[in-house]
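Look at the two complexes coming up: chain A is in both, with chain B in one and chain C in the other.
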Partner chain A sequence: MGPTDRVLLRVERLRAGYGRVQVLWDVDLHVDRGEIVCLVGANGAGKTTLLRAITGVIPPRGAVAFEGSRIDARGTAAIARLGIAHVPEGRQLFPGMTVREHLELGAAFVPGAWDHRGETLERVYTLFPRLRERERQAAGTMSGGEQQMLAVARSLMARPKMLLVDEPSLGLAPVLVQAVFAALREINRQGVTILLVEQNVRQTLLMAQRGYVLENGRIVLEGPGPALLANDHVKAAYLGL
Partner chain B sequence: MTGRALVRGGLLLAVLAAVVVLPLWVNRTQPYYLQLSINVLIFATLALSWDILARTGQLSLAHAAFYGLGAYTSVLLTTRAGLPIVAGMAAGAVVAVVAAVLLGVLTLRLRGIYFAIATLAFSETLRVITNQVRFTGAATGLVAPPLLGGHRPSQYLVILTILLALTLVSWWVNRSRWHFAFTAIRANEEVAAVMGVDVVRFKVLAFAISALFAGITGAFYAHVFLFISPLEAYSLAVSVGALVAPIFGGLYTTAGPLVGAVVLRAGEEVLRSTVQRGYPIIYGFLLAAVILYMPGGLAGVWASLAARIPRPARRGARGEPAGS
Partner chain C sequence: MLIFGVLRSGLYSLTSVGLALSVGVIGIVNFAHGEFLMLGAFLGYWLFVSYGVDPLAAIPIGAAAIFLLGGAVYQLSIRRVLRAPELNQMLLTFGLSIFLQNLAIILWTGDPRVATVSYKAEALAVGPFTLGVPQLVVFGLAMALTIGLYAVLGGTRVGKAMRAVAQNRLGASLLGIDVDRIYLLAFGLSTALAGIAGMMITLQLSVSPFIGLLYTLKAFAIMVIAGLGNINGVIYASLVLGLSEAFVEFYVPQGGGWAEGVFFFLILVVLLVRPRGLFR
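Right after this comes the complex of A and B.
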C-alpha cells in the first residue's frame, strides 16, 4: 500500500481562527485508516477550532486532504457527503425532534446513506439499545449520556468513513464516559476511523493508538498513546502527577 | 389503509367539497360571502407561503414586497404591453421569485431581528420607489384589467386552486427529507451543514417557493380588485398579516397557517359587523391573548387535546418521517 492509501486524513500547516484572532498555528497531523487518534489539550488550546477547520465550519488556511484529495476549499456540507462525520461539541441536538427523526436526519443528505437507512438504523440500535427504547421520545427530554449517544448515532447514520468527535465526555458521569468510550471503540472496530478530541486525557490516551497534544494552538507532542502517558510533560500538565 | 386513514381521507374530501361548493352556492343569494371567501383565501395563501420560508428560520417582513411585485408586474405587462392576464400573473410570480433569490442571497448571513429589519427595508424601498416613479403610476396607482371578465365564482376557483397547490407543496415539504433540512437549518445552521445539508441551497429555495406564491397571489389580487397603489400593494399590513396568521394558527405546520388565516379573517369580519366602534381593539386583545397563552397556536391546542384522547399505539411505517 502506498502512503496515500494508508493515510485517510492529512492536515498540513493548518492555520485558522475567528476574525483577527488566530487560534491555530501551522498544525500538522495525520490519521491513518482504521486508527483512533486523539487530540488532547487544555481548555482554549484550539482543539474544537481544529475540528471545525477540518470540516470547513470555519475557513482553514493550509492544506487538509481526505483520501488524498484536498478538501480545504470545500463547503461543510460537501465535506460531510465525502464521508467525514463531525459530532460537534455539546451534542447540538434539535429540540422537539424525536430520537428517530434525529437518526433519519443523519442519513437524509448523504448520498447512499438514505437508501441504506433501515440497515444502518439496526446497526446503530444494536450499538445503543437505549435509543431504540426511546425512539419516539423528544431528544431534549433524555439524560446527558443518552443525548451524547444520540449525537454519535446521528453521525453514524451517514455511514461515514471517519468520525470527528468533540469532547463526548463533557458533563457526563464517569460511568457514562466509560459507556461512550466503549461505544467509540466498537465503532472503530467496525471499521470507522476516529479522531477524538478530549480533555479527559488519561482515558483518551489509554484508548487511542496515537495522540497529539495541542497547546496554545500548536502541536507540542505526538506519539503512541502509552508513550504520551509516560511523558513527563504530559504527566505534570494533564495528569497531575 | 387503516380505519383512521379512511376517516381522515373522508374528512379531507368533505372539507374540499365544502370549500368548492359552499361559497359558490351562497353567492346566488349573498354575493358578499363570496367576496369575503376570496379575501380569506388570499390571506391564507400569504400566511402559508410565509410559513414555508419561516421553517428555515427566516422570519421575513418582506412578504408584501413579493405580493406587490407580483401585482405591479402583472398590471404593467397587461396594460402597457398588452399581455394576456394569465401571462401577466405568471410573469408576476417569476419576478417575485427572482427578487426573492436576490434578497435571499444578500441576507444569507443575517439572523433573527437583523434579517427581519433587512427584509422590511427591502419591502419599504420598493414601496417608496413605486410611489415616486411615474411609469408605475406613482402615488395615484394603476387600474388593472379584470381576471376572467370579473366573474367572481371563477375567480374564487382560481385562488382556491392556487391555495390547494400551495397546500400540497407545504404538505410535501413537511413529509419529505426537506422537513429535516428546514428544521435543522432553523435550529442550527452549522450543525445542519455538518449533517450534509446544503444550507444556502435550502434557504434560497424556501425563499423562492415562498415568493412564488406571494407573487402570484399579488397579481391575482390586482386583477380582482382592479386597482393597485403602493400603499396597498406594498403595505406593511400584508407582511404583518402573513406572519400573524401562522403564529396564531401554529407555526411550521400546514394546517396551522390555513386555520389561523381563516379564523382571524372571519373573526375580524364578525367583529367588524357586531362591534360598531373600536373593533380593532378587541381583535388586538384576542390576538395578544392567544399568542401569550397558547404558545403553539391553535395547532398546539389541537395537539394537546388529541394527546389526551387515548388511542392505539402509532404504527409509523419504517423509514417514514414522523410528525405532520
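Right after this comes the complex of A and C.
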C-alpha cells in the first residue's frame, strides 16, 4: 500500500451514529483514483452520516484509509489538510464573509494550497463565472444556487485529491442542478476523485462510474452506474418504474 | 464634556473588544474578564514600583504574560466545558473570577495602590480645553490597539480563520482550520487585551483586587449595546457608554455617583428597545 496504489479511499466495516443511535452498520466501500463514485439511498439511509464519519465530523468505528494510511483516529481539520475536501450538507458557509474571503480561507490552511492560490482561484472562477461577479458579496445574501457553487468552489481551493459532495442538488432549480453536475464532471476531468451523495438517483448514476446503494445503514447493492440503473430493485425503489 | 466621554471610551473599547472576541469566537461568556484586567493592572504596578518600568513601556511584556496565563486557563478549564451547558460555563468563569480576585487579595491585600508616573499630572492645552496627558496617551493607544485588532481580523489568515470559526465551526474545520487552536489563540488574545487595558489603568486610577467586576459589567453593557458577539460594533458602543457617563456626570446633580450606574440603564433600554444591539 502506498501513494501509487489504485485505491484512494477505503472504508471497512464502518460503524457510526449519534449518541446511542447507530446509523451505519459495517459499511464497506472503496473509491479508486480518478473515479466518480456515487452513493444513493433514501432519506435517513445514512448517506450524510457516512461522509461525516469519513471526515471525522462524527467519530467512526472501523477502518478508514486514505492513500493507504488510516485516518479514522484523526480530527476533521487534519483530515482536510491531507487532501480530502468535504462539501457538507447545508453548505456550512460563513454568512458574513465575502465570496473572496471564503475562497482565500479554502486555500489558507492546507499545505501547498496557499502558494498556488492565484492559479487555483482563476480555475475556480472559470468553473463558476458567477462567483467572480459576486466576489465582494457576503455569502449570506446570495441565492441557494450561488451558495452551493461557493461551497464547492471553497473546497476546491484546497486543491484536494478527493472531493466528498453531500447532495449538491438539494433545493436547487433544475437548471442550476445541471450546472452543478456539469461542474462536478469538469472537476473530475481535471483529476479530482469524487464521492457523491445524491437523492437525484438517475442523473447521478448516469454520471458515475460506480455506485453504491445504501439502505438502513447498510450497503445493499454496488456496481457500475449503468448496471445499477438497470437493476430491478433500483428501478422499483428509486426510479418509480 | 464630549471630549471626556470620548477619551474614556478608548479604554472601554479595548476591554470590551477582548470580551467580544471570547463571546463571539468561542461562545464563552467570561465573567473573569475583568480579573485579567486587574492582574494586568497589578503587573503594571509592580513592574513600575519594583523596577521603575513605565507601565506603557511594559505593555509588551505584560501582554505576553497575560496571554500565556489566559492560554493556560483555557487549556486547564475553559476547554473542558465547551460542550457543557451554558450554566456550567458561566459557573466556571464566575468561579474563576472569585478565585483570581481572592488570590490577588492574599498576594497583595485589598488596599488600593497608586502608581505615580512622572507625567501623571501633566496636561495639554488643546484649544480651550485642558486634557491630561495620561488620558490622551491611553486613549490613543487603546484605540490603536482596537483598530489593530480589527485589521488583524479583517486582513490576516489567522484573523479570517477566527471570524470563520465564529460564524461556522464545522465549515471552518472542514477547511483544515484547527478549531481548538483558534479557540486557544482567541482566549489568550482576549485576556491579553484585558491585561493591556489594566496596565493602562495604572496610569490613571488606583489598583486593587476589586477593580475587575466593574469593567466586566461595563464590557457586558457595551457588548449588549453593540449586539452580542458583534466585534465591529464595540467601538461605537464604547462611545455611547463613555459619552453617556460623561453626560450624566456633568448634567445630573451629584452625577459623579450616578455615572457608574449608567451602563445598567443602557443595558435595560437596549434590551427592551432593540435586543439585537444598536450596531448590527
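By our rule, the second predicted complex is superposed on the first by the 237 of 241 C-alpha atoms of A that agree within 3 Å, B and C clash if a C-alpha of one lies under 4 Å from a C-alpha of the other, contacts with A are read in each partner's own complex, and residues count from 1 in each chain.
Note that in this section a residue touches a chain if its C-beta (ideal position, glycine included) is under 8 Å from a C-beta of that chain, and two chains touch if they have at least 3 such contacts.
Values in this document were obtained by computation on a predicted structure and should not be read as measured data.
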| item | value |
| --- | --- |
| Partners on chain A (chain B, chain C) - clash or fit | clash |
| Contacts of A:Arg154 with chain B and chain C, given as first, second, both or neither | both |
| Partner chain in contact with A:Thr98 - chain B first, chain C second, else both or neither | first |
| Which of chain B and chain C A:Arg136 touches, first, second, both or neither | first |
| Which superposed partner A:Thr76 touches (first chain B, second chain C, both, neither) | both |
| Which of chain B and chain C A:Lys47 touches, first, second, both or neither | neither |
| First, second, both or neither for A:Arg117, with chain B first and chain C second | first |
| Which of chain B and chain C A:His30 touches, first, second, both or neither | neither |
| Footprint overlap on chain A, comparing chain B with chain C | 55, 57, 75-77, 80-81, 85-86, 88, 92, 94-95, 97, 101, 104-106, 108-110, 114, 154, 158 |
| Contacting residues of chain B [partner chain A, same complex] | 177, 180-181, 183-184, 187-188, 190-191, 193-199, 314, 318-319, 321-323 |
| Of chain C, residues touching chain A in the complex | 157, 160-161, 163-164, 167-168, 170-179 |
| Touching residues on chain A, where the partner in the complex is chain C | 55, 57, 75-78, 80-81, 85-86, 88, 91-97, 101, 104-106, 108-110, 114, 154-155, 158 |
| Contact set on chain A toward chain B in their complex | 55, 57, 75-77, 80-81, 85-86, 88, 92, 94-95, 97-98, 100-101, 104-106, 108-110, 114, 117-118, 136, 154, 158 |
